[in-house]
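Each remark here refers to the structure printed beneath this line.
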Amino acid sequence: MCTAATYLTNHFYFGRTLDLHFSYGEEVVITPRNFPFSFYGAGERKRHYAMIGTAFVPDGFPLYYDAVNEKGLCMAGLNFVGNARYFPDRADRCNVAQYELIPFLLGDCASVAEAKKALKTVNVTARPYSSDLHAAELHWLIADKKEAFVLECVEEGMKIYENPVGVLANNPPFPMQTFRLNDYMRLSPKQPRNAFCKKLGLKPYSLGMGGIGLPGDLSSPSRFVRTAFARLNSVSGTSEEESVSQFFHVLGAVEQPRGCNEAEDGYEYTVYTSCCNADTGVYYYSTYENRCLTAVDLRRADLQGAALFRYPHVRRQNVILQNG
Amino acid sequence: MCTAATYLTNHFYFGRTLDLHFSYGEEVVITPRNFPFSFYGAGERKRHYAMIGTAFVPDGFPLYYDAVNEKGLCMAGLNFVGNARYFPDRADRCNVAQYELIPFLLGDCASVAEAKKALKTVNVTARPYSSDLHAAELHWLIADKKEAFVLECVEEGMKIYENPVGVLANNPPFPMQTFRLNDYMRLSPKQPRNAFCKKLGLKPYSLGMGGIGLPGDLSSPSRFVRTAFARLNSVSGTSEEESVSQFFHVLGAVEQPRGCNEAEDGYEYTVYTSCCNADTGVYYYSTYENRCLTAVDLRRADLQGAALFRYPHVRRQNVILQNG
Amino acid sequence: MCTAATYLTNHFYFGRTLDLHFSYGEEVVITPRNFPFSFYGAGERKRHYAMIGTAFVPDGFPLYYDAVNEKGLCMAGLNFVGNARYFPDRADRCNVAQYELIPFLLGDCASVAEAKKALKTVNVTARPYSSDLHAAELHWLIADKKEAFVLECVEEGMKIYENPVGVLANNPPFPMQTFRLNDYMRLSPKQPRNAFCKKLGLKPYSLGMGGIGLPGDLSSPSRFVRTAFARLNSVSGTSEEESVSQFFHVLGAVEQPRGCNEAEDGYEYTVYTSCCNADTGVYYYSTYENRCLTAVDLRRADLQGAALFRYPHVRRQNVILQNG
Amino acid sequence: MCTAATYLTNHFYFGRTLDLHFSYGEEVVITPRNFPFSFYGAGERKRHYAMIGTAFVPDGFPLYYDAVNEKGLCMAGLNFVGNARYFPDRADRCNVAQYELIPFLLGDCASVAEAKKALKTVNVTARPYSSDLHAAELHWLIADKKEAFVLECVEEGMKIYENPVGVLANNPPFPMQTFRLNDYMRLSPKQPRNAFCKKLGLKPYSLGMGGIGLPGDLSSPSRFVRTAFARLNSVSGTSEEESVSQFFHVLGAVEQPRGCNEAEDGYEYTVYTSCCNADTGVYYYSTYENRCLTAVDLRRADLQGAALFRYPHVRRQNVILQNG
């Protein structure tokens, strides 16, 4: 499964973990402004906003997992298995296949406000990318510096939820995830005070006891709460170094060590973690194998180009030998 | 506070997190065989085993937080505030100050068996390193490839506990920490089966639900359980790269993002995380600021030397720009 | 707040706790067949099924908290504050005030099937009983020997949910309560087996450890889970004595001792607990003050009557002195 | 297993639950002052304090589970399996068999202070009552109006622990049970305030959310915490009726419904719950089958007598028919 989050200091940061039991061969992909998108129902886009993110590129088309465009609009798709429902084509709507949704929105929209407006005319359809690749069951976190929302296509229709938490995980649907936060409202980074019984001299015997009750497992609602706690209580400097470092620490709270989460065909682990500075377009990532941060800078690419720029994820551990 | 762990694949690995609200200016320090140790009660050691680890060196003497000697014996001191009790000097014992304990044992002992034997004659005393540095209240994880134990000096005396869990955190005393694992015995990386009521069609809606009940806060007993779960269920390859990577993922489960754990004078965070290959003496670490692994290789130093080799922790974020 | 449950042995039992911080002066009230009901929108019922239950009778009209009719149809209203929404009068529907709903349905319907059918034409309105008594925000558990459902009037409209759990508490809405049961699917009356790590000799040190993870507080979702666990795993004989005794033990799991749950004007406590044999019409109850079971037998009243039979709850502790 | 508690209003109350998967045939037994006790190591007591409590009387000797003497000293034995260790006879001590301990102490001591003093000379031995009845593994709650302590005979010797909590359950040893209360120090009968994140409008949606985190299962440490919470936050009137009622509500929080706790040969359930007014000697109890309170009054018996007064527990449900 996965977890996504936003973070604001002097710049706006957006990123996610991708948790799977294998790697598809992810790449950082820059789509320049003139890369031709041909959407099946929404027509052609010969020119659009440039974007950067992690994608799987099966056949020339960037299937983005998460991306940020040159205007700072950010979007990530996360597993939503069993709840996602896509719809048949409608004549009165702009039909967008699930796999087209990220480039469609990031290509056209400069902000959350524009994305919301665009979505009013959109019908998300289940049309698969190819006969081999069925439509992934997803929901999306969409954010800019000002605000964030969650897009869910469910049985009742397309739903848009404001997201003041700035976090998205997987099942259950977003309203249930946020409602559950009420159960944890008393948790705090501060040490607890004795409310159980004044007559007993109860006291903390360890730092961190204000968070007792936070769930520590790797299920989706637990990752949601844990990430929300880390993100909302985060304290960091505002420099690029400090902000990026802190972002990886926040998502570090839900990284999955291999072996702790058994899936059908292996163990889920955090294949990669990303953090993009949405203002500058610098996309940082680390992989399960390589803790070191690797970065790709959107603006070092020729954004007037027409061909994808592709940078396979570096998965070999980078170690600096200090007495080498 | 802190968490320490062991890990065995083709080699034996030992490391820890150091959680504080500031950095003392840690360094990786290699003590070569002929660095002269002058212990206050245990006499001089002109020649001893070489060792590597992270230390604070206030005045020429390496105050090790954790270290590994050239024979593969490993030792880490972790906060044990309120429970640690050191003892007055005894004429019938070898009096070792708390701050001398790591170099004393790692200098003389090649294995856990030898360390246990040595401890039979030792009296751990509260003698401070200097008038400025009072004796830290600690307990210790001591391990080699074959076995591990915990050393605690408490009101009832010096205690040695076998440690099949391979993890140590802080309060409460170790026996209580391990006893509590019984409460979590049902947790598992596997998905749960419905035992609540057969008639209800209860089922997992997310991967990772087998771990529901794991505590997610940053208090010591919660870090102990979470690390134990990650370490004992860990699945990794056996190469150096894979082993080291996995070790950092295991301790990653308890890394502290700044802001989530308020101490008196700031927020605790994971100042550094270390992992030493106890067979080869390569000591890897990352710092809060620098996710990238930095390493110091014991055997690249002249182990016949008499002066400390000191490598200040690299705390500047190392980023590799892929399209630079 | 409150908790309601069903229980089936040789007979069908239905009951609830009423948790408040004071008593309204509850009575067991038998409404015989010819007591004239005059519903504001649904017209007059000169003849209807007889019913028994606990009610507040402000002014000749039985405001039932829970009741069972002579056909074995059972219904209880439970607090649903903040979620309940009643609707304006509609010309195309049978308008039934919230306070009329229990006598309206129990008067006309002999079964859950009939009640569901009747509800298809009903519009539940917010019309208050009087200017002093605003419409309580409620949802309802409706059950017969064969099946149970929950009726919720919420912003989205009137909702009917099948209830295989046989339990109802308060907020949040029923679908969220039942969904949460998935989180507890592994809990069991059986002792846990060690799944955490085979190498550690973890073992139970107390009976009952299979239920670790059950919440023990008095909030509504916790009471729901705890009652569900007790009810669904209940083991009892099938005699009247054994069945009734067991029912009170099941609801005993969520009884509220005074002092543990502070409300605005005092402490919530379990004002009364009821259990009605829906087949025979014998209504048993105990009060906070009087643990002893008191009973009222529907069929000992003249069911052809036109006046209410009223039995104020016995609240004086009944103690049998064995050597008196 | 079992739970015991004390409660003080205008009078002092002491009682317990007995949780087993069957009934031994319990009786309330009054031992008058001249019933001759012949202790195997402690000699004869021809005259002693009278006492009342629940006992199994296999052969003329009252094997008390819990009892109170005419001076108000109270004592209950609770299962402590796996931790209790009794000792071989010692020439320098007063050897008291485990099964003799309650009559030995209650016969001689008028207060906790006297009991503690007496215990200084006592050696608790494993001598069985008979070849059929091995020594039960127990620990004891001993209390009077002023204070309470726990007596545990463990591998390290006989231990006496002050008990300001006023509760005892079973495993693990008492110091670990009380230490764990620190983990729950933040729980409260009051509604929680939002400490998670001020920016999110988190709020309680149900009363009782201040107790979220209380464990709800039937294991011993969970029963200990739950009873402690109920007892220490208890609010009741001070009359005999109100005090006794409240006491049963406090222990009601840990009563075991049959089916929720599977033992080897059946399901544990709360065989009986008792509450003795230690000032007046009135002993109240209810059984699993009979919720109604039954009482035996110590002072209605001829306390100068020499023969036991025995009152088998009333286990038939007592129901008062209000319209009979």
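Going in written order, the chains are labelled A, B, C and D, and every chain counts its residues from 1.
FYI, a residue touches a chain if its C-beta (ideal position, glycine included) is under 8 Å from a C-beta of that chain, and two chains touch if they have at least 3 such contacts.
All of these numbers come straight from a predicted model, not from anything done at the bench.
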item	value
Interface numbering overlap (same over half, different under half) for chain B and chain C	same
Centroid comparison with chain C (C-alpha atoms), farthest chain	B
Mean-CA-position distance for chain D and chain C (Å)	33
Distance between chain centroids, defined by C-alpha means - chain B, chain D (Å)	44
Centroid distance [mean C-alpha coordinates] between chain C and chain B, Å	55
Overlap residues in chain C, where contacts from two or more other chains coincide	172, 179, 183, 187, 190, 205, 209-210, 212-213, 221, 229, 233
List of chain A residues in touch with chain C within their complex	172, 176, 179, 183, 221
Chain D-touching residues of chain C, taken from the complex the two chains share	1, 28, 82, 170-172, 187, 189-191, 205-223, 225-226, 229-230, 233-236, 241-242, 244-246, 248-250, 252-253, 255-263, 267-270, 284, 286, 288-297, 300-301, 309, 311, 314, 316-324
Touch list for chain C against partner chain B, complex	164-165, 179, 181-188, 190, 192-197, 199-200, 202-205, 209-210, 212-213, 228-229, 232-233
